[in-house]
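You will see chain A twice below: alongside chain B first, and alongside chain C after that.
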Partner chain A sequence: MLESILSYGLAVGAVYALIGITYNVMFSASRVFSFTAGMLGMLGGVLGALFIDKLGMNAILGFVLVLACGALLGVVTEILTVRPVLKSIEQHLYVLSTLAFALMVQQVTAIEWGTDAQPFPALIPIDPDSILAIIDQKFWLPLLACIVTIVGLEFLYRRTLIGRAFLAIAEDSYAARALGLPETGLRMASFALAGVIGAMAGFTGAQMLLAYFGNQPILSFYGFVPVALGGMGSNRGAVIGGLALGVFQQAANFLVGGIFAAVAVFAVFIVVLLLRPEGLAGAATARRV
Partner chain B sequence: MSIKRRTVLTGSAAGVVSLTSSLAAPAIAQSDPIRVGYLPALTGPSSSTGVGITRGTELAVDVINKSGGINGRKLEMIVRDTQSDPTKAVNAVAELTQRQKVAAIWGPLNSGEALAATPLIARDKVPMLHPCWVDSLIDVKKYPMAFRMAPTNTQVGKGANHYVFNVLKLKKVAVVSDTTGYGTSSANTYVPMLKAMGAEVVYTNHVDAANPDLKPELLRMQSAGAQAIMPWSVNAGFLSRILNTRGAMGWDVPVVGQTTLGSGQTKALLDKPENWNKVYSNNFRNCCYVNGKLPPRAAEYVERLKKDKIEFADTLLWWVALGWDGAMMMAETLKAAGPKNTDMVAYWNNKVKGWPGIYGTVTWTPEEHNGFPDEDVVMCEVNSLKDGAFNIAPGYSS
Partner chain C sequence: MTDIAATAPVRTSWLGRLEGKLSWILLGLVGLALPLLDDSYIGVIAQRAYIYWVLSAGLNLVVGYAGQIAIGWVSMLTLGAYTTAALAAGRVGPEWHPYLALAAGGLMGAVFGVIVGLPALRLRTFYFAMTTLAFSTIVTQVALAWKDVTGGGVGTPGPVFPWPFEPGWGFYYFCFILAALATWVTANIGSSRYGRALVAIRDAEVAAEASGIVKARLFTLIFLLAGALGGVAGGLFASLQSYITPEAFTFEMSVLFFIAILIGGRGSILGPALATIILTALPEFAAPLVQWSTFLYAALLLAIVLLVPGGIADMLDFKNRRPLTLHREIVPRTELLSRVLDRTDGRRAIVLRDISLHFGGVRAIDGLDLEIRSGEVHGLIGPNGSGKTTTLNVISGYYTPKTGTLQLDGADLPFDQPQVRANRRIARTFQTPRLVGAASVLENVMIGGTVHGHASFTEAMLSLPRHKRDERVLREAAMQALATVGLESLAEVRADRLQHSELRFMEIARALMLRPAFLMLDEPAAGLSAEEIRRLGDLIKAISREGVGVLLVEHHADLIFDICDRVTVLNLGKMLAAGTPNEIRSHREVVSAYLGA
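Let's look at the complex of A and B:
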């Protein structure tokens, strides 16, 4: 039981964490909470199955193309749904624009791809007798993707000029613009990066979650939980929150099962937010007086 | 009262008009085709059923017209694709009943569309035949002109319960469903039926179909002592996860349930082909192989399909047979009773007794418009698909 809770829990948790990071990367650059993160995750699985299973591409080419599609969708999201509403951000119109775009993409996927779950191929050919086959790749691939992403983001934000520019925009976009930083270009790059991360989450988790248009609301929903638990904008918090959510959810599946597992997850989520509204790793916002 | 010249002229004119129209009307009526509305979903998510049924319907209409039609008049099916969308079905009904003035309607072919369309067809007093399973679609008081040529959901559940309890003689059953309306209502209906038969429902639960790991559910079923699993869902992902988990656990219990268990979508999601062993889904006695052979009516029909080069290996025989039966029932009724709505309904109420369809035998009475017999709902082996039909599940007497 413990083995199953940990293997499934950590793998699903890693997917949730990556979706949470996707939310964060878009939020940092624009102060917009874009509801397209689950859409990117869903498309990662569907496009991966399309490229590799249906069109017969090899796994690496399929993976690269999925990431490229994710980046493109990130840019399109920024241009179509975020940029037009940035001037009146206090009216929170981005909720409507990003959600509408995500729903449109989901409907098109349902029409073109179908409403049934479809298989996602095993990506790495592993001899079943080898030591690598002890743990199924569907469990360790999302974890690996999560580790690579968090290490890559740390490196980007702390060691590179462009990463520091991202942070500058996130901290104070007016000041960053006054210093000559190309705010629009950096925001588009951030959305492209978020697209890559979201698509990677769906791609690496698809052997477990299948290539299914219905994964979108689940990923949007459960991907949001680690952000709220970990604190808005905190990638480390999202990873810890995501993994904890996955393990807790799987434990609830074993202990109570059925629809009560989801109830248990959200009960804990609400309790945590009541106790720490800023999230477990977030800092309370100081109000200027 | 004095008779004026104007009155005489008006009266004569009216008489001439009425005479000409009364003379001309039968001449037109005798040569015009008899129009019947047909509402398949030919596109959209429910289209695989519609496409299969349409092959049978088209063939039947062709055969009827080549052999003289309906008392010398052609049978014309006015086809409107519902696109798997209840709104489109409703629009099509309005057009068929009010503008096209069809004599009757065959369809819709999916319950979601039929739920939206049936009250409107009833309001316009048009006789209606359909093959949808939702129980509430037939109600002799609310919809006195609606008749069903297929089993109800209750009959489908009863067939599965009968197989587990009476044929396989398994007494301890686990019933699980997804959280959709179909899943929960099916499980909530079938569990009391099982208990009433004397079975012990050792585990029952509604599970989120998107849950990627169903091992906890199956472990609970196993530890409760379940001898059979009965999942109620049309979600291929959910069903394949049950089968894959059962395979990974090495748990050799039969899985008995709805037709999606045997669909190509479910098959595509299996980890191993062996995970489809000992899986039995609903089917219909007249369209199943018994000892490698189809029953005589279906065998003869398959020969006709082959002769007419109608493709059916890529669909299901019972869909094609159902399409044929629907059109044949319409033709026979129109031939015997004519196109008047009350005459058609009277014929269905009083004359259809043991009607020998290819898909099933139909009997209607004024009180019962569900025409499909319980004993024709059987289970089949899902991994035995050949030429659109399955082997009947083991244990039935032939």
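Let's look at the complex of A and C:
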């Protein structure tokens, strides 16, 4: 039992962590929390199943196409729902614009793809006797994706010029613009990057979570919990929080049933946020007057 | 004479009043007469619209007035429906009478409305939206799992109400009456000082606190009401559906409630009501679109947010499109001050001793002593960053200093509680005017008098005599305050159409509504013309002669030396000099550090 709690919990946790990172990447470029993070995860699974299962593409081509779609959706999100709102006086309306866009995509998925959860194909043909088959690929794929993402982002942010430009925008967008950085372009690039990460989360997790339109609200919430608790913008917080959340949820599932797990996560989420609205690792709030 | 014009309350003619109510009367007549059609299909659609409106009316106060993005409010409908259905069917203990069960559903909604709503006190927009969403998901999951009470996925029969509101047209009138009641109650709240306070919190939270509005208390009441209405709507919904399963409570409904409010316009009641009716009926008349209804609602939501954030109500606000007179002049009438202010007896004082405050490594204030006495204008000057506004913020309770004491008439004034200042009659204005742009100038000024209201929330909700008296008194006082600062001709204009200088005077009028014993002005002359500054100076001087202690933070040296009785000069958080204007003017260090030769 412990084994299945850990393997399933860590794998789901890795998906949550990746969705959390998706939130973060969008947030650091724009100060916007976007409801599209869960949508990207849901689409990663659905589009993957569509390309590979229904259209018969090979796994690698399907994977690349899914990521491309994620990037495209990220760019559309930025242009359609974020840019116009950031220009207006009431910037908090991004909550509604991103939610509306995510809902529209979800509904199209429900109508065109169907409301049933559909299976997702095994991606890598593995000899059942090989060492890789000890743990099912559906468990280690999300973890692998998570590790690749973290390493990749670290490399991007620390070693490349464009990554440093991302950091500059996140730190102080006014100063960055004064230095001549193209804020809008960088924001769009961040949303594209977030699209790739979110789609990858859904794609690698779909053997476990299935290709199901209803994954969207679940991923939106459980991807947000680690980020909110760990502090907005902190990828380390998202990974630690995501993995812990996944394992906790599975343990509760096995021991006391899924409803209790959902209620417990919600209760912890609310209580922690009420005590520390900036998250467990976040900085204190700014001056108001 | 002019005096009479200034003190007479604003009266709208009976025709004007009818105009405001005409749409409601028409809606009511249509609702009453609808059964004459004897079309049960239309009847069911109408009942659904009424039920949705019972919920949306309450939610409107939360979303439209208080500006809280409570997107998952369908959870209240679910809770109310299951509570009513389970109690009436005897799934928990003995069978309850359906009407009692409905009341219990409302109670359940009220309790959970507060539980779900109160995090709004601490959480920012997206966080709060997410928690309400997550809560509605969890309620559905619990409904699925708790089979004993809810029947799980199989569902449970809804309550059947006996005479006089038996199924059919009886039930129709039940829904109609409750919808009318919900409208009346929320409209009363919306136009009361509670409604203005909600809007103030939405658009100018800091000013709301300075006016003594206690957000926690107000939000508790609003969420109680919105939750209760949601719960009652749920009970009715269960009866209308006759059989409920968790699938009946889709997220789509939440979106419908929400966009109805946004389309209708924030801070309006009629707009959201019309939008609710239209949105409920629309899919019925476009059958092929039913599958796409959620998509269309979402697309509509996006379109509204991007294109018409003000909603229908803003588009129909013709009154505020009329051009205002150009070249307006603000002519304060200081002779009216004696009516606006209570004469303060005896000597009173706010005393600061050894106040120090750091922001990180920056010493914003460093060991400051200051005394503001009634009947005097005390000037606080110094270069930018010398700690003037910070000092003002310490007195008005926004900052807690590291060391030092703050006393009012010898008793400690607690730090960090801006909302208690209003009751001690300490008023202030802000460096950048804080106002509710969408409300009229008069309403903005009335916000300043919130603490002088006597009627309880329930009295306001039911529009009882004490509430009506409150409104009349507040309105008259606000008109007088406006006349005093010279803005009475702009009373009915939307505040965001005013010029910058007019906003400065409006803020003073709002501060006067407290009948303050102390008034703190944060750079009131910034952006004013020379003539306006002179009039402002006269006004401030006259206010202090009525016994008010004035603290004036300013950069205009001329104004300071003209009207101040005493002046304190700050530099880098420390007191550089203090004394009469004449002493300061010739103070060597002050001249070299600040005034220049």
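Everything that follows uses one rule, which is that the second predicted complex is superposed on the first by the 275 of 289 C-alpha atoms of A that agree within 3 Å, B and C clash if a C-alpha of one lies under 4 Å from a C-alpha of the other, contacts with A are read in each partner's own complex, and residues count from 1 in each chain.
As a working rule, a contact is a pair of C-beta atoms (placed from the backbone, for glycine too) under 8 Å apart; a residue touches a chain by one contact, two chains touch by 3 or more.
A quick note: this is a predicted structure, and the numbers were derived from the prediction, not measured.
Aligning the shared chain A places chain B and chain C in steric conflict. Contact with chain C, but none with chain B, is seen for A:F269 once the two complexes are overlaid on the shared chain. Contact comparison for chain A: of chain B and chain C, C touches the greater number of residues.
Using the contact criterion defined above for the overlaid structures, shared-chain residue A:A100 touches chain C, although it does not reach chain B. When both complexes are overlaid on chain A, the residue A:G257 reaches chain B and chain C alike. Looking at chain A, you'll find residues 218, 257-259, 262 touch chain B in one structure and chain C in the other. Of all residues in chain A, only 1, 4, 8, 12, 110, 114-119, 208-210, 212, 214-215, 218, 250, 253-254, 257-259, 261-262 touch chain B in the complex they form. Listing the residues of chain B that touch chain A in their complex gives 45, 179, 205-213, 215-217, 219-220, 235-237, 240, 265, 268-269.
Here chain C touches chain A in the complex through residues 69, 71, 119, 122-127, 129-131, 133-135, 137-138, 141-142, 145-146, 205-206, 251, 255, 262, 291-292, 294-295, 297-299, 301-302, 305-306, 309, 359, 389, 393, 398-399, 430, going by the rule given at the top. Taken together, the chain A residues at the contact with chain C in this complex read 33, 80-81, 84-85, 88, 90, 92-93, 95-97, 99-101, 103-104, 107-108, 111, 217-218, 220-221, 224, 228, 257-259, 262-263, 266, 269-270, 273-274, 277, 287-289.
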